[in-house]
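By written order: A, B and C. Residues from 1 in each chain.
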Amino acid sequence: MDRMKLVLQYFQSNSESISNGICIILALVSVKLYTSFDFNCPCLPQYNKLYSLGVMIVPPIILFFLGVLVNRHTGVMMDEWMRPVGNRSKNPAVVKYLFSAMLQRAMLAPMVWILVTLMDGKIFICAFSVSVDPSLFSGLPNNTGLDVIKVMAKVPCKEDIIFRNSSFRKAVSRYVRCYSQAVGWSILLFLVVLGAMGRLVKPYFDDHATSLQTRYWSNYLDVEQKLFDETCVLHARDFARKCVVQFFDDMREDAVLHLPQPLIVSNP
Amino acid sequence: MDRMKLVLQYFQSNSESISNGICIILALVSVKLYTSFDFNCPCLPQYNKLYSLGVMIVPPIILFFLGVLVNRHTGVMMDEWMRPVGNRSKNPAVVKYLFSAMLQRAMLAPMVWILVTLMDGKIFICAFSVSVDPSLFSGLPNNTGLDVIKVMAKVPCKEDIIFRNSSFRKAVSRYVRCYSQAVGWSILLFLVVLGAMGRLVKPYFDDHATSLQTRYWSNYLDVEQKLFDETCVLHARDFARKCVVQFFDDMREDAVLHLPQPLIVSNP
Amino acid sequence: MDRMKLVLQYFQSNSESISNGICIILALVSVKLYTSFDFNCPCLPQYNKLYSLGVMIVPPIILFFLGVLVNRHTGVMMDEWMRPVGNRSKNPAVVKYLFSAMLQRAMLAPMVWILVTLMDGKIFICAFSVSVDPSLFSGLPNNTGLDVIKVMAKVPCKEDIIFRNSSFRKAVSRYVRCYSQAVGWSILLFLVVLGAMGRLVKPYFDDHATSLQTRYWSNYLDVEQKLFDETCVLHARDFARKCVVQFFDDMREDAVLHLPQPLIVSNP
């Protein structure tokens, strides 16, 4: 119970933890979205690539901007950037730090979407089934009277009559899916190596004290904003209470003044 | 427990959080409504577009007005707009802020409805199956003795006899659904980019101090209204108690006055 | 409840326990990933080995770098290595100790992945089904018109038409899986014996007091960093509170100065 409270306090203490939480939730939502999204390839040679490209690119862009939108870092950064210079001089390093923090977190959900689509492979099959050389596989259905390219474009559509009980469709799908997964693993490998290298190599290039100070200031900005909001609410509540009490007091005085004269006279 | 209390306090503290919660619930309700709504296309050339248009436009309008209706911002805004100018001068910026906040929240549920229908694609198929060029797909049933347009209008009806075991129907459906999803993703992309840009660019155009002040005042109005309501209830209860006690006291006095005289005389 | 608290306190006390926890979670994630990963062999002679090699090598590398990335030891080590020499002289033994601790923990998840794939055997079947001598087993389908090597490459694909209801496929799979599991058990045996020997023999070669001191210092570094972070947050919160209170005080003074003159005159 005590621990629970500390954990929750941590999640409330600074914007970094809140942003982390939001980004993880967004990434999970993107996975959920992909699994519940009814992906259907048009199976027409001229539309397949376009549709696949759309599914591969548009949702990640949406998720990226959504990440920017819901990220607390964004607001803190814009406030710091736009605020008038008062007694505290502006530090571009803080803005840069907040910007990179925002960007990193906003990139998580799109990357998860792209990796999940690549691992699943359906979109890759839709996009590149036309580009596969059919001579690699045996059993191409040639009694349909269609061009080879039109037949290959129908590979992603499982329920099509042409491929009923055909192992050709499955073989082509397997082949393209292997490429898709290879691309997915490669991207993941690249990103993770980049991240690990970034963490190991970064200390060589920037001063440790400066980066600590930058982190401190970004945290300070966040806490300041939150305290300002809280104090505003308290102030408003205090002021409203005074006004309402004043109003009721006035009303009572009015009530006394408007009573018929004799009663007041008879009182003393 | 302590944390829970704080969270609940936050949800009670200002109208913004309550409105947010209501709007999210409304959006979820609209999704639930769509999935449980039994959409059935008439499959007649002259009615298809009309029915689809109705399903596409009427529920969002209903959800929009419902959003306006249940939104706390609406009440606060109307009160601020209509109140007599007392010692506190009216600030049009506050009304504008409240209006835009109300509009944004009321727009959420209709947008969710529209996006869900577009992603699902059923309504698009119903509306535009007549407009598809049937020569793009092989297997148009031509032994039915019907016009091409009447056949195309029957595409959304899965269980129709014409299309029993026909891959033509599925191909057309896939084709139109792709367009539907493309439109849906485009709208979503446009909205999210607009929102993100709005958040990033807004600080350039309006004074930060002014917007903070506006937010403070909108919060103040809300708190004032709530406190006024609470104080009213307390005051009414107080006044009613006095009246009731007065009534019972009067009744007792009446009872004493109406007793037969001899008894009172006999007492001393 | 009390026990739970102690366990959680242990997990917060030093970075070693956190790192251990993270590594165990990572290992479990790698198992979960393997079981939910849709492994599909291309079943083409020239691609089988490549694909298997990719699945066998790329994910462990990713998991290794992920382990390095999320490990708290990494950060502590880099800080200790890069910090300017102040009054406390740098101790290379501490860095070495932290490095070996980091490496050991980062190796856990990749080893689990490799062992699970070997125990499961699917990847081994995909890689080495071509290398099996088919004369060992009866029932090689020879009415397909394909090379023996192409037939053997299709062994990992269960649903292929060639092997429908064939016990030949099952026999080959069993045979290769036995090899796979033998390799897996051997690696596990080797690692465990190495670990046990390491623990038993190590005290002969290094001074116990020195290693205790090293462990103490590595723990100290971690605690120092954590305390610094906590103090930073507290300091920022304190400072922000002062600034906000100052702002509201200034505002109140402004309000007093802007009141109409008579009120101020009447005050004294």
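Please note the rule applied: contacts are C-beta pairs under 8 Å (C-beta built on N, C-alpha and C of every residue); 3 or more make two chains touch, one makes a residue touch a chain.
Just so we're clear, the structure is a prediction, and the values are computed from it rather than from any experiment.
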item	value
Furthest chain, CA centroid comparison against chain C	B
Rotation angle superposing chain A onto its copy chain C by C-alpha atoms, nearest 5 degrees	40
Chain B and chain C, separation of their C-alpha mean positions in angstrom	45
Length of the line joining the C-alpha centres of chain A and chain B, rounded to whole Å	24
Residues on chain C engaged by chain A in the complex (per definition of touch)	1, 4-5, 8-9, 37-38, 40-44, 47, 51, 54-55, 58-59, 61-62, 65-66, 68-69, 74-75, 78-79, 81-83, 146, 157, 159-161, 228, 232-233, 235-237, 239-241, 243-245, 247-248
Residues of chain A that touch chain C when the two form their complex	1-3, 13-14, 119-121, 136, 138, 167, 170-171, 174-175, 177-178, 182, 185-186, 188-189, 192-193, 195-196, 199-200, 203-204, 208, 212, 215-216, 219-220, 223-224, 227-228, 231, 235
